[in-house]
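Chain IDs A, B, C, D, E, F, G and H follow the sequence of writing; residue 1 opens each chain.
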Amino acid sequence: MSEIETISVSKEAIIKPENLVYSPPKTLLDIPMHYCPGCGHSTTHKIFMEVVEEMGIKNEIIGVTPVGCSVFAYYYLNVDMQQAAHGRACAVATGIKRVLPDKYVFTYQGDGDFAAIGTSESIHAANRGENFLVIFINNGIYGMTSGQMAPTTLPGMISTTSPYGRDVKTQGHPFKITEVIATLPGSAYVTRQSVHTTANVRKAKKALRKALEIQKMNIGFQLVEIVSNCPSNWRMTPLESNKFVEEQMIPFYPLGDIKVPEVK
Amino acid sequence: MAKAIGEIIIDIEKCKGCELCIVACPEETLALANSINKKGYRYAEVVVDNCTGCANCAIICPDACIIVYRLIVKKSA
Amino acid sequence: MKEEAIFAGFGGQGVLSMGQMLAYAAMIEGKEVCWFPSYGPEMRGGTANCITIISDTMISSPIITFFDTVIALNQPSVDKFESKVKPGGSIIYDSTNILEPPKRTDIHLFPIAGSESALKLRNLKVLNMIILGAYTKVKNIVEPETIINALYEVLPERHHKLIPLNKQAFEVGMSLIQNTH
Amino acid sequence: MGEIKLMKGNEALAEAMMRAGCDAYFGYPITPQSEVLEYLSREAPFKSKMVVLQAESELGAINMIYGASGCGKRVMTTSSSPGISLMQEGLSYIASAQLPCLVVNINRGGPGLGTIQPSQADYMQAVKGGGHGDYHLIVLAPYSVQEMVDFIKLGFELGEKYRNPVMILADGAIGQMMEKVELFDFIEKKEEAPEWATTGRKPGKDRVYITSLFIQPETMENVNKILQAKYREIEKNEVRFQVINLDDAEYVLTGYGLGARICMKAMELGREKGYKIGLIRPINLYPFPYKIYSEIATKIKGILDVEMNAGQMVEDVRLAVEGKTPVRFYGRMGGMIPTPEEILENFEKFFIYGDKDERNRND
Amino acid sequence: MGEIKLMKGNEALAEAMMRAGCDAYFGYPITPQSEVLEYLSREAPFKSKMVVLQAESELGAINMIYGASGCGKRVMTTSSSPGISLMQEGLSYIASAQLPCLVVNINRGGPGLGTIQPSQADYMQAVKGGGHGDYHLIVLAPYSVQEMVDFIKLGFELGEKYRNPVMILADGAIGQMMEKVELFDFIEKKEEAPEWATTGRKPGKDRVYITSLFIQPETMENVNKILQAKYREIEKNEVRFQVINLDDAEYVLTGYGLGARICMKAMELGREKGYKIGLIRPINLYPFPYKIYSEIATKIKGILDVEMNAGQMVEDVRLAVEGKTPVRFYGRMGGMIPTPEEILENFEKFFIYGDKDERNRND
Amino acid sequence: MSEIETISVSKEAIIKPENLVYSPPKTLLDIPMHYCPGCGHSTTHKIFMEVVEEMGIKNEIIGVTPVGCSVFAYYYLNVDMQQAAHGRACAVATGIKRVLPDKYVFTYQGDGDFAAIGTSESIHAANRGENFLVIFINNGIYGMTSGQMAPTTLPGMISTTSPYGRDVKTQGHPFKITEVIATLPGSAYVTRQSVHTTANVRKAKKALRKALEIQKMNIGFQLVEIVSNCPSNWRMTPLESNKFVEEQMIPFYPLGDIKVPEVK
Amino acid sequence: MAKAIGEIIIDIEKCKGCELCIVACPEETLALANSINKKGYRYAEVVVDNCTGCANCAIICPDACIIVYRLIVKKSA
Amino acid sequence: MKEEAIFAGFGGQGVLSMGQMLAYAAMIEGKEVCWFPSYGPEMRGGTANCITIISDTMISSPIITFFDTVIALNQPSVDKFESKVKPGGSIIYDSTNILEPPKRTDIHLFPIAGSESALKLRNLKVLNMIILGAYTKVKNIVEPETIINALYEVLPERHHKLIPLNKQAFEVGMSLIQNTH
């Protein structure tokens, strides 16, 4: 039994550049984000910008924002960006990548944008094997428009347009577009991650980096789904919402790689 | 034997009081303040001076409010 | 008779329903009423507000730039709307939170220690009812009873159990006026 | 006398839909009109047998409307500007196939994604035909929550009378604001479908089909002649407008929807200052009340047209007036709403103090 | 002098595209313009480095245009009426984000699926804005295969000069017919992109973003003011039209595209019969040459406007003329094409023998 | 070895109602179809109308035609029909079935209509489990517009927009939407058939009948893909085109049931 | 022992000369005529009188041009 | 000088290229030309036609209703266009196929046993060249040589090997005129 012993060091002694273990990425602009407290959009923005910074490609990448809560991502991500019409981000990204094949290109889309109104653009971009990355935030709801049912809303889950719980008989089943895209020959890397715990944040960040490395190899479409939350429209506190992600969302949308290219 | 001593700096005006850092911290270093910031949020603050600089709070913080420093102090035998 | 009021505060402080209750009560009392909310994502996190217009005659525009009364539940609202009060108009505000009070001298100021009393009632959520009580007392445009009745209409069924608490808060709000003047 | 309530424009519209015996609603969320689908999702299961379905997109919604209307049912959808743009092909098909339906545009500020604040910048799209080909929507412009309710019933009736799509063009403010409304009672529906509807062949009867394809230009021209004849009918029968103080008017303020409401206030202010101002409010935007403008034109000193856009309806006013009196325009754009004071100020600038900065006649 | 060839309008257009240094074409097949994508698929691999991609739909195509144009490239798409209707949301976004691009509508008969025969019934959609919000496309109306070629170059230049989408509005006949054309030589492209383009951050420079979202109405109004100021500029600088025989004209025939060509023949026939007929052909439909009409109006006895639709451009003619001279309309619809003889006959009916069946002023 | 023996019977003796073994279905109107010689559209029209006639449901069924060569199907199929915008047949059918749940509803669509421009409507109707039948004619080309590449055009296959053969690297891979729809919980019956031989015609007809029987059970979306031909735009004789179906199309699009409900 | 005797009626104006019936017929009963119909197609016709009424031609015929009759003739022993 | 002609027949008989060759030849000879095809699905199986206009002056409308010359390769074309020939105009048609010849007396009729001669050349596909030869001879608007040169432009590379055969057919067509008149 070792006796407790206190070592006291002054703040000043610790707060020194050489002791810095974490500070936000410079590619994330230092302004408050409009997202709600605890929203996974913020976390995902942050870690993706960490990846861009670590890869040193902030001048080599062009992003596309959707219509959804992340429509304003271009306020925060300090890289060249375009804002696309609702659901058309994959078409816009196709236009960009086809004329600038040497740049990294990504879209950032919510479930309504990517898997409802954008289904055709999303699937055909993947099927053509367009060489860009889609960061697909699946929070099972329409956030920006304040809580309507999304294609990914869970069975029985309440939203403003499924006030008595999603009825799969009349409103359809949750659409696992990620699994669909994994079946298409045009997709190279398809994975599902989350950002609701520190460990998952670390994994998600790795996946995002891997996706961009695969983009460099030009072997096909990359899709990183982030199973996320929407505390405001789930009518939960951020902590409750992460619990819901853990206990309800992830069992239905299991995490992990779905399609990985055999690396040469 | 070595010991890690941490210090964190929280940008309280950016903080939205989501509490994710609080539960992420293994040392229970953090808690919400009783006062609110300009945006009306109760913000996170250090309540126990036992931070080890593990950076969990900073990694989980959605709004990139936290900067973490860590110093490893060696005990001379 | 015409009243053009704006209720403003943080999202979640219940400013929209304050305005609705007033509008509803006035309607019951036979007035022309119009209620107009700020809406859309900019509400989220940020501030919310609604305009309530009460008039004996038809109301032309639901959106107006100057107000007889500003009801402010947070600092940003005072900062934003102080200049929009018509000369001779009033600002009714929660003096517990609002540390930089309005400064205009050509209008009536009603600082109400709302949050303080709300804490006494062990429920910060009733702040809006307290302030609404104060407003009703100050302006007496509608009968207090009508507001209470309005509660039944404006609150969804599942919240009707909260009506007694809200009633109490409303009365506290009215009393705060007596005490301060 | 019907039930009196304090309701939001969008919710009153949804309530009226159920009461008017709407059989099916297909829609996709968009601010500032998502309350419609939300209200129906909450209330319809208890108050009506209607179908309420959230489509995968506005494209899906408008084509579901086509199918359900083709079965002779009362159907409608609602959206806002960008969503309405996505419906233009569908609307052209519906007009060509002569299917009745009701489409509501809760107009927000554009162009592009723009803003969610109220606007009237979709006038041209609604009235001159945003889709391809020669067709018209019957366009109704409510200026109060009460009219949001009343025009649902009127809209269904007009659509069925003329077998033509009807649009209610309102702005975000009308959709979002709460006012006192009187609700009409639930309507009894006559069940049998019109003979043009596809409901499965009726024994002994020929099959029916619904199409907008007429590959031979001669045939397509005849279809167009039928449509044009119908539009002449509509122009003869369905012009609706409101006038105030025209008898002694020296000047006329004009606008529609919220714009007209604000003009009324401006007119009051102006009359207080002694200006003899009258007002014309088109209630149908198509068919447009050209006649009242051309008649008044010779009797007055000028018209000020006020819109929440860069000047769209003013073209129709000018077409009517043909230069017989000066027509001036004042507008706010991109979701901004003019105040009565502003309007009066511009009125004085144009007509009282004389206008320094006349705009190009034709913008 | 450039290469002379006998070419189909659509193929000449595609050839001109390559020669004008177009970087990317995104399109979806539709009659009567599929030859464009087909020709590019055959020829581009050998003649140019441009991207040629068949999109999954017109929705896909117009949004690919948005993305590629946002990178500062010369991009275009082509379609026909129903496909153009599907692009309306995209066009509103492109106009709002101020991206240059070239969109061609080889107009076919509508509404609905209609017919694949030539038509001019998409005038209103092209000129008054088929999408939501206050915006304008610069609209060019070729009347020969040669102009199909020349307007490609002009279109790209105008689009880039004003950062605005440009539309070439031609009818199916211009697209399908073969004529002699002189082709301009392949253009050398300057490689560096404009500073507003997203090409990856330039070291030391701030990031750029392209958007049409301005949630604060004040901001959105300012964006609209910038757009409107630009449109005034365009209206000042870019009016193009052709006039024939105006000096001694007592009557004016007017029309655009193929309609104008047929009017020319009708004018010849009329002059042979001794009628002093002149002709005005708008080359830009936006900006519209209002001035020439209002100037001539006081000097003549009447204008006959001829279109392959139910009467669309005639509204702009009437806006210009303001009742100073009678404006009559003759049109064929749904893919039918008027003959010179028909036009002359109607001219005589309206202006020489006096018109029995005057149409409602305002239809 | 039995010696040959001739029996001679007069035409009149044979051509009698009681000897009739095949005559075209009455539900197929007796007018020449506009389809090219040997086109599978005609064959499919014919057998589907045989099914409708045999089931005696010609007054209980409503069809939707696409934009494509079969846009005019309503000229030939003697049942109530609606003509839908290009790609929107499944949305139109949804509108019909939702208001007339007791009627049989079907769409008839080509590959461009169903799997390119209509992807979103097709997949979401299937995903919602809309209870109607899609007859999907996969001829690997855009017929009506005279031979452009379709989403289902085979790799290396020539079309007017892939004049040097479809290049999967730039033009994408053939899109097997049928397999995708089979993965969706909303689909009940998914099968792929052909009509290029007598035997296949018989099988295809059985499949169509089965689909309508399943529609009666109201257990989800029904999809019958017909791997077909387009002699005109394949630039082949009808016989050559059927050989191509056999040797090229079917190996890539294997025939048979892909998803069958366990019948109770 | 029994034998099937068939007769087919071809609507030559509907026929488009696709030849599918010709190859589908196991008995080689059919061939294209040398003359064309109003639409300009060489149409199918019976060239050998050996039809067994198997109906293969009618089943494969896209344009529903063929009607088939079949008579089973029993040989009296 | 002005020639307004229409070439009509079944799809696949090559009527469109007949019109194109003529237009191309006329262009080479410095004339204004315009060629306009029927297009779209209704072509399929059914009939195809194209209008070729040749003029010294600018051509206003590519679409016209009456023609100087109708060149008909099948019966439906004769039935459809006989009435569209201007008085004094001509119909040149394949008399082998067209069993009900045109009857008008105010126009010139040129029956050409085209298919017959085509069979002699063992290739029905050259029917169009035979008739075009006849047309060229009858109207002599362009030099025969120019048409032959046009072949090189109008036929895609891969078909150039067929040019001699087509040339031969063209000459047969010209000769048929000599023989019939």
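By definition in this document, contacts are C-beta pairs under 8 Å (C-beta built on N, C-alpha and C of every residue); 3 or more make two chains touch, one makes a residue touch a chain.
Remember, predicted model here, so these are calculated numbers, not experimental data.
**Q** If we define chain centres by averaging CA atoms, which chain lands farthest from subunit D? Would you check?
**A** Max centre-to-centre separation from subunit D belongs to G.
**Q** Contact counts by the stated rule: is the higher one at A-E or E-H?
**A** Greater number of contacting C-beta pairs: A-E.
**Q** Round to the nearest whole Å and give the separation of the Cα centres of subunit B and subunit C.
**A** Using C-alpha averages as centres, the distance is 38 Å.
**Q** Could you work out how far the Cα centre of subunit B sits from that of subunit F, in whole Å?
**A** Centres of subunit B and subunit F (C-alpha means) sit 64 Å apart.
**Q** Which subunit H residues reach two or more other chains?
**A** Only 40-41, 45-46 qualify.
**Q** What residues in subunit A touch two or more of the other chains?
**A** If we look for residues of subunit A contacting two or more partner chains, we find 35-37, 71, 83, 85, 116-117, 119-120, 124, 144, 151, 170-171.
**Q** Please output the residue numbers of subunit D that touch at least 2 other chains, ranges allowed.
**A** Answer for subunit D, listing residues that touch two or more other chains: 31, 53, 56-57, 59, 82, 89, 93, 97, 113, 116-117, 211-213, 215-216.
**Q** Which residues of subunit E touch subunit D in their complex?
**A** 59, 81-82, 84-86, 88-89, 92-93, 95-97, 107, 109-117, 119, 121-122, 124-125, 128-135, 211-225, 227-228, 231-232, 235, 288, 290, 309-310, 312, 315, 318-320, 322-324, 332-336, 360-363
**Q** Which residues of subunit F touch subunit A once you look at their complex with the stated criterion?
**A** 116-120, 123-124, 127-129, 151, 168-173, 175, 179-180, 183-186
**Q** So in the complex, which bits of subunit H are touching subunit E?
**A** Contact set of subunit H toward subunit E: 20, 23-24, 27, 32-37, 39-41, 58-65, 153.
**Q** Contact residues on subunit B for subunit A in the complex?
**A** Spelled out, the residues of subunit B in touch with subunit A are 3, 5-7, 9, 13-14, 16-20, 23-24, 39, 41, 53, 55-56, 58-64, 66-71, 73, 75.
**Q** What residues on subunit F touch subunit E, complex-wise?
**A** Per the touch definition, subunit F meets subunit E at residues 67, 71, 83, 85-87, 112, 116-117, 119, 142, 144-146, 148-149, 151, 160-164, 170-171.
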